[in-house]
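Structures follow.
Here come two complexes built around chain A, the first alongside chain B, the second alongside chain C.
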Partner chain A sequence: MKLRAAIFAVGVLSLAIYTGLGFRASQVDEPLYPSPSLSKIVRLSEYDSRLRGTRADTDVYEFGEPDGGATILVLGGTHCDEPASYIAAYLLLENIEMERGRMLIVPRTNRSAMSHKTIGEAHPPTFDIPLPNGVRPFRMGSRYTNPLDQWPDPEVFVHSPSGQELSGADSRNLNRSYPGAANGNFTGQIAFAITELVKQEHVDLVIDLHEASPEYPVINAIVAHERAMDCASMAVLDLQLEGLEFALEPSPANFRGLSHRELGDHTLTHATLMESANVSQGRLRGKTNADLVVSGLDSMYVRAAKINMTRVPYDEKGIPLKVRVGRHIAGFHKLISAFSQLNPDRAAAFTGIPTYDELQQHDLGIYLDPHDHP
Partner chain B sequence: MLFWTYWLLAALLLALIARELWRASEWRMQLAAALVLLPLLLRVLLFK
Partner chain C sequence: MIRHWSLALLLFAASVQAADFKTPVLLTSGGQSADPQMIKTLLTRENIPFTYEPLATSAMLAGQGALIIVLGGSSKGLGAAKVSAEQETARITELLKSAAEQKITVLAVHVGGKNRRGALSDEFNKLGANMADEIVVVVGGDDDGLFKGIAESRKVPYSSAAKIADLGGILRAKFAPAQPTQE
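So, the complex of A and B:
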């Protein structure tokens, strides 16, 4: 009896160590290879020292120099189960060459959320993007801050300073936590640091990259704060002229905690957010695996689209990662050119980033090949 | 603060269930205790 208990105990301990090592591995950042245009890397904790040494302290990549041109901030990985968000940010930071202005890229905005996965979603730990020779693995994370960093969740999450009430789990949702507070919870501190970054670096334009499920109402869209409306509407028109269907969504004034609302209200920036359609987040999806993340093809969604249950066109071609990343990259091009046309004295210019069509022709791997960075 | 209170609760529960594993005579009870131990252990060790 005691012997059996001892055997069980050893079994549990070995299992804990085995799975624990797996969980630890998902906390190791995959290497990124910034383009030669990189001027420096600072840590987010520079803007709020309480993040120093935590799982949320993350790299801010800076390209170009302060030369009078615009300062632009790209946020990838606010929600780390939205791969097009951070893969687009990785692609930008590995390829961009700044000609005028400054580009700040935070590829893992909620780095804590990249260190675990949401229970019950069956998301794969990693997925592979094919390269010209071989593959490059990328992690998949969670929508929420790791509970190891913020636990327990309250029954009701009360947003500060608005008093808006949301479900308890949203206390770990970075995009419900802006503008954040110096004495707030852990996720609020990340939001606070981003808000401080926007203020201290005088960021002119924020582009926050996201994905959502195909049945979500705000999708294939650019969401913009009032101040950014001119810029975003020009960008959406441009995108539509090129055949890319984008909707323009005004940031709702009474939905608090979102980056486009709070960064717009609490700083002088032009705050925008982009959404693409990701079936691996959807409630109607079938089998969930790494292939689904990359191919974006799910037979349940093909059926759902036939009975008008999706908010975006969806067929047997699926919505692959390269299309979703391509849409983010296309929006990035257009938002910056619109901002530059509207503010010629603060224009920004860059090269090295493919157009939507180039990306569809050449595939993601061409732009994410580490061998191009000796 | 609340974090470590919850951590202590998890550690306490872990100790109680480990005791149960040791004391139980029936193998089913022991197996059930062992299964419940796993997530508690992962949280107390801050793996997950």
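So, the complex of A and C:
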């Protein structure tokens, strides 16, 4: 009897240690290695002091100097189960060399969402990107703010100030919470801080990076606020000329809380958002693991595509992370060059960022190798 | 960079009379999708003078050399513009009838591929194609030959482009300052 109790106790204890270590690991930011063009790192709490010391306080990496060129803001990791969004942001901040203008990069925009995973999704805690020598692990997070930071969810989430009603869980969805409020809930405070950042730094162009499941209608797309439509449509045409199909989607006027809608309406910025196709978010996917996140290959989606259930071309090649990151990087290039052509006095210029083709040739690891950063 | 526009083009109905396009251009939507925005960008790039009004009526035709209507319906777009499908149909009909009366050449363009086919879109697609002087479709939007069929039965020129970006060359050829004595 005592032996059984002891075995049971040891079992429970090891389980507690195992899950405890997993929890601890999920709270640790993986190191990032900003390019030498970095001018400073500030915390998001600079724009809303209530975030200071919380799980949502996050780094804002600034490259270049105020020199009359455009100020551009890249948001990665708004939804932390959309890996191409934050891996693209990491790649940008580790490689960019600003020549004109300022680049602000927030790679973990909802840092709280990076610290846990959505229940029931079976997402892996981490996935590895192969480097020339070895691998580099990255966390996978959740679409939502960690419930440890904001709980419980209301029955109905009422967006402020519009009064739009969404499901309760969306109260923890950063991209339904813009423009946010100083006295709002925790997620609304993150949104508020980003809105303040855009205002105080006079951000000219916002590029919010996302992914969505292959059956979602807005996919392989650039979504743009009215003010950004000229810039975005020029970018879409340029991308087409290089063989990358993007759809231009106008920001819906009466769908509130989204970054492109609210940052466009509440600030003077040109607000855009990009979506790539990520099977590990899809409802039709089969086995979910780290391989799926990186390879983007799921046999269920191959079958789904054959019966026209996907909104993007999908076959046995899958849609690997390097393609999804490559599309974000290509869109980044073209949005900035379009903005610069349309606003020559505020033009921005940079080097160090691969083209889509270079990224496909060399793979992600070449651009994410910490050994390149002494 | 060399762009082989001619390779991207498939010209049909070579025997039909070529429409006469003049500038400035009035650019409008037929169904309130965002697709005209792409044509707006192409016209800007090609330095073709134009006015863009998604809800244009005959009142705006005065002084225009041609009308480009970009076909394809968007329920979101109609909602945002606060017009019903019926009101949009009525506006398009009034505009295109007036253009015909005033002998203003109408180019109907469809760039939205499969997403701009289907019940809502096809109402505008058929309406526009049936009243246009020429039809251009980006590949993917005419897999069933709807537009081509209408063009053939009405004996108006029809062409298709491999992608939206290729329309730049088509628009340039139609609207750029005419070469002397082309005809």
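Please note the rule applied: the second predicted complex is superposed on the first by the 356 of 374 C-alpha atoms of A that agree within 3 Å, B and C clash if a C-alpha of one lies under 4 Å from a C-alpha of the other, contacts with A are read in each partner's own complex, and residues count from 1 in each chain.
Rule of thumb we're sticking to: a residue touches a chain if its C-beta (ideal position, glycine included) is under 8 Å from a C-beta of that chain, and two chains touch if they have at least 3 such contacts.
Note that the structure is predicted; figures quoted are calculated from it, not measured.
K.L.:
According to the stated criteria, A:5 is in contact with first (chain B), second (chain C), both, or neither; which is it?
P.N.:
first
K.L.:
Which partner does A:15 reach: the first (chain B), the second (chain C), both, or neither?
P.N.:
first
K.L.:
Which partner does A:234 reach: the first (chain B), the second (chain C), both, or neither?
P.N.:
Once the two structures are laid over each other on A, A:234 reaches chain C alone.
K.L.:
Have a look at where A:135 lands relative to chain B and chain C in the superposition and call it first, second, both or neither.
P.N.:
It touches nothing on chain B or chain C.
K.L.:
So in the superposed three-chain picture, is A:156 touching just chain B, just chain C, both, or none of them (first/second/both/neither)?
P.N.:
Neither: A:156 stays clear of chain B and chain C.
K.L.:
Any idea whether chain B or chain C touches more of chain A?
P.N.:
B
K.L.:
Could you list which residues of chain A make contact with chain B in one structure and with chain C in the other?
P.N.:
Touching chain B in the first complex and chain C in the second, no residue of chain A appears in both lists.
K.L.:
Which stretch or stretches of chain A touch chain B in the complex?
P.N.:
Result: residues 1-2, 4-5, 8-9, 11-13, 15-16, 19-20, 23-24, 116, 148, 150-152 of chain A touch chain B.
K.L.:
Could you please specify the touching residues of chain A with respect to chain C in the complex?
P.N.:
By the definition above, chain A touches chain C via 229-230, 233-234, 236-237, 240-241, 245, 247-250, 252-254.
K.L.:
Note which residues of chain B are touching chain A in the complex, please.
P.N.:
2-3, 6, 18, 21-22, 24-25, 27, 30-31, 33-34, 37-38, 41-42, 45-48
K.L.:
Provide the residue numbers of chain C that touch chain A in the complex, in ascending order.
P.N.:
Chain C residues touching chain A: 3, 34, 37-38, 40-42, 44-45, 76-77, 79-80, 115, 163-165, 168.
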